[in-house]
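What follows is chain A paired twice: with chain B in the first complex and chain C in the second.
And now, the complex of A and B:
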């Protein structure tokens, strides 16, 4: 496989260019594109957990909330520098991964999913009730007026936040491309395929899973802090356990691969946006769609696109996961 | 003060009864079919909404009870034969997502028919009984008695009838049962229909207590999962015991400190999963590790 530096940034550049082009073609959709970008990072985090390691978590909003609340508390009570807030969110994500990891990752699939749901519910309880003096409970924290001007990009303006998000998304995508081709990524996929064989080959699967889990918490936390900075306020609804389903559905819609999560997000948010414009019951549409994707398009949006692309190139269809070595599905 | 706590305990027993009824399907689904039944709460919601519709139109709670249970069992039959047959034996995540999609479709349908707002359902009878100084609606006591009766009926069914024994054998090892010439698929269907009927029955009984909202299944889903995990997967007795514990945690805990009613069950689950992941009556060695057995 092509391992040159260019090959790592080529795909992400195209992806970012498409998003930027979309931002100028549809100027009133900027918030939507921003949400797709941040939610995309969040879905990438979940895809490392599900797509690579085959672990399901019902508590993803908790890790998003860690980042959002770390940034928010810093900006509302302590400092004014937005970059420090993002840095702190990343550090908190790292700490959460290191701390919760050893206890959680040794659990089997369904237990892992549920203990995350429990963590998420307790996180919601903490920000709503126990930390009330700091987090203001249900009223949420408002801190937009406390932002100081930042050099290079003024993150007080939505347009500049969009550019900043594009830079962050670019870096995340480069990292994700690297992960897809690296030994670490192969090891994580090996865990999904057969953990006992990985152990037999001499890999410490506990450490591998811990690493994957920690990368997930860091990325989710980063996405949370981007949310917090763009909207200038957070409230406990960001950590609601009921929202964990969105993450799973978007991940599954996207399918595997480097760009699966972004396309999944685009599909999920697009459908939500589209459906809610003429009926306020998007659950029905998303549910039906997910079942169709589950049974008919096993590779998700990205996998199907790859299959179509392969058909275009060679004139005949190939299964999605045969096209590349990526984790389709 | 004593009366307050006694009332809380009796209210907790009612919650336990409802929790037990709706958890049976998830418990057996885990044990027998090896799938995570996230869509059981659709039947719970359907049952509750049927009761609402019939009580508000005809005024007869018994009719609501009958129709709610039947509609729940019927939708369970359709879902099992049309959809779930295709997911048996697939990986866990797949079953979770498929059943959760069914759950979302169910919520969407409910919203489409009945709208988003929550609706009250009238109590079938408003008699208040006094037990040792505590005033309790008779309905709550009856709900608890009914669920205990259901437990004993299911227990008898599983232990005394041939069919029940086939189900129990299926929980132990489905392939062996198939090898003995028993049609395991039909057993799956019948068990599933009974379980969804019970979930609907739980919904009917709970409707007068909490009213109906389209999202009523969401929190019940989490609580039911906690009940099943705490009791141990596939163990009916464990489910009953943990439902009894959970009811008290919610009710007495909520009386002592309000927010405990919501967060208490999660704390219980957190502790149980970390220190005794097999639950109270579960089989040892199933919870850890990542390989499917």
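And now, the complex of A and C:
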């Protein structure tokens, strides 16, 4: 495998170039593209948990909410520097991983999924009720007017937030490319395949799972922070446990691999954006697509594109699992 | 029996909840030996290996490896200390390539000398980019052995390595066993008695959870005298 520096940045550059091109081709879709980018980071976070380690969580909105509320609370009550707000969200994501990880990753399957759901429900209760004095409960926090100008890119302006988000997404994709090819990534996938085998090889799988879990919480928190900065507003709906299904569906639609989460996000948000313009219950279309993917396209959007690409390249398709197996959920 | 054994297991008892399955099992493995455990299905051979490798906890008894009690160590610590276990199910990481499978073995042991390892299994050199899931049973067994040889372990436990393999793969593995035994100690569970006769320096026979016989004479091993204990 090509492990030159260029090979790590080539794909992310193409992906960002496509998003930037779309921004100019469809100028009225900038918000949509911003959402695809932040939601994409959120789905990458979930893919580490689900696609790599095979752990399903029904509490992902909680980790997104940690980043969103950390930045929001800082900007609404404490400071004005957006970069500090993002830095604090990353630190809180790290602390969440270090704090919850050792307890939660001991659980498997249903128990892991449900303890995260329970945590998410508690998080919602906290921001709605217990932390009401600083979160404003259901009314949410508004703080856009408190933003100070930032150097290079003025993050008070949505257009600059878009560019900033592109830079962050690029860095996340480079990191994700590295993870996909690294021994750490192989180790996380090894846990999904056979934790016992990893122990036979001499790996402390507890530490590995904890590392994967903490990377997930950091990235989810970062995505939440970007969301909070772009909209200048956060309310408890961001941490609603019911929204955990969105993350899982988008991850499933993407189908794993470095770019699966972005394609999964595009599919999910695209349907939401397109179908909702003529039909209230856009979830119906997502549901139907998810069923089709589960039965017919287990490699998801990215896996299917890779299969088609391989077909054109070699004249015959690779077996579906050889493609989707990369780290598909 | 020598006192400076590489592995010395004494009076090992193991239960699954209240079901007692291994009874006072005692064995010794000396450096450089190929020790084969034989026994019918249900004789608790795999339970014995899994306990030594740290995947099951014993009720009583001691497991000394290089003179150190490893009875309470976690499996990964035992592996890093130089005792590798190759499970019976030939489970490689199906989604990872052969190369990535080896990288995982290397990272854990910090041993990246693949040439030394692949010398025993030259076929793997041609399969580096193939996914583990697309390998045949024999190729998987080779990959597992190559992976376990990384880090130059002192002792490799192999649970029925030839089970379900085509005859030509068994011949290849037999040749590999002989070469590998010159650089490391091996303990093998094997039902293939002619193969056992050919490679073993010492044979332990197990029956119904007990070690019922120890055969050290090469002539007796080659004459398959241990068959009467099975």
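Things worth noting here:
What we mean here is this: the second predicted complex is superposed on the first by the 322 of 329 C-alpha atoms of A that agree within 3 Å, B and C clash if a C-alpha of one lies under 4 Å from a C-alpha of the other, contacts with A are read in each partner's own complex, and residues count from 1 in each chain.
Rule of thumb we're sticking to: a residue touches a chain if its C-beta (ideal position, glycine included) is under 8 Å from a C-beta of that chain, and two chains touch if they have at least 3 such contacts.
Predicted model only: the values in this text are computed from it and were never measured.
In the overlay built on the shared chain, the residue A:117 is in contact with chain B alone; chain C does not reach it. Looking at the superposed arrangement, the partner reaching more residues of chain A, out of chain B and chain C, is B. With both structures placed on the common chain, the touch criterion links A:193 to chain C but leaves chain B unconnected.
Touch criterion met: A:204 reaches chain C, while chain B stays clear of it. By the document's definition of touching, neither partner reaches A:272: not chain B, not chain C. Within the superposed three-chain model, A:290 lies in touch with chain B and out of touch with chain C [touch as defined at top]. In the superposed pair of complexes, A:183 makes contact with chain C only, with no contact to chain B. Annotation: chain A residues 194, 196 touch chain B in one complex and chain C in the other. Of all residues in chain B, those touching chain A in their complex are 30, 36, 83, 86, 91-94, 96-98, 100-105, 107-109, 111-112, 116, 215, 218, 222, 225-226, 229, 259, 262-263, 266-267, 269-270, 273-274, 277, 286-291.
Those residues of chain A that touch chain B in the shared complex are 50, 54, 56, 103, 106-111, 113-115, 117-119, 121-122, 125, 128-129, 191, 194-196, 241-242, 245, 248-249, 252, 280-288, 290-291, 294-295. Only residues 53-55, 74-77, 79-80, 84-87, 91-96, 99-100, 103-105, 107-109, 131, 133-134, 147-148, 151 of chain C touch chain A when the two sit together in their complex.
Here chain A touches chain C in the complex through residues 1, 183, 186-187, 189-190, 192-194, 196-205, 321-322, 325-327, going by the rule given at the top.
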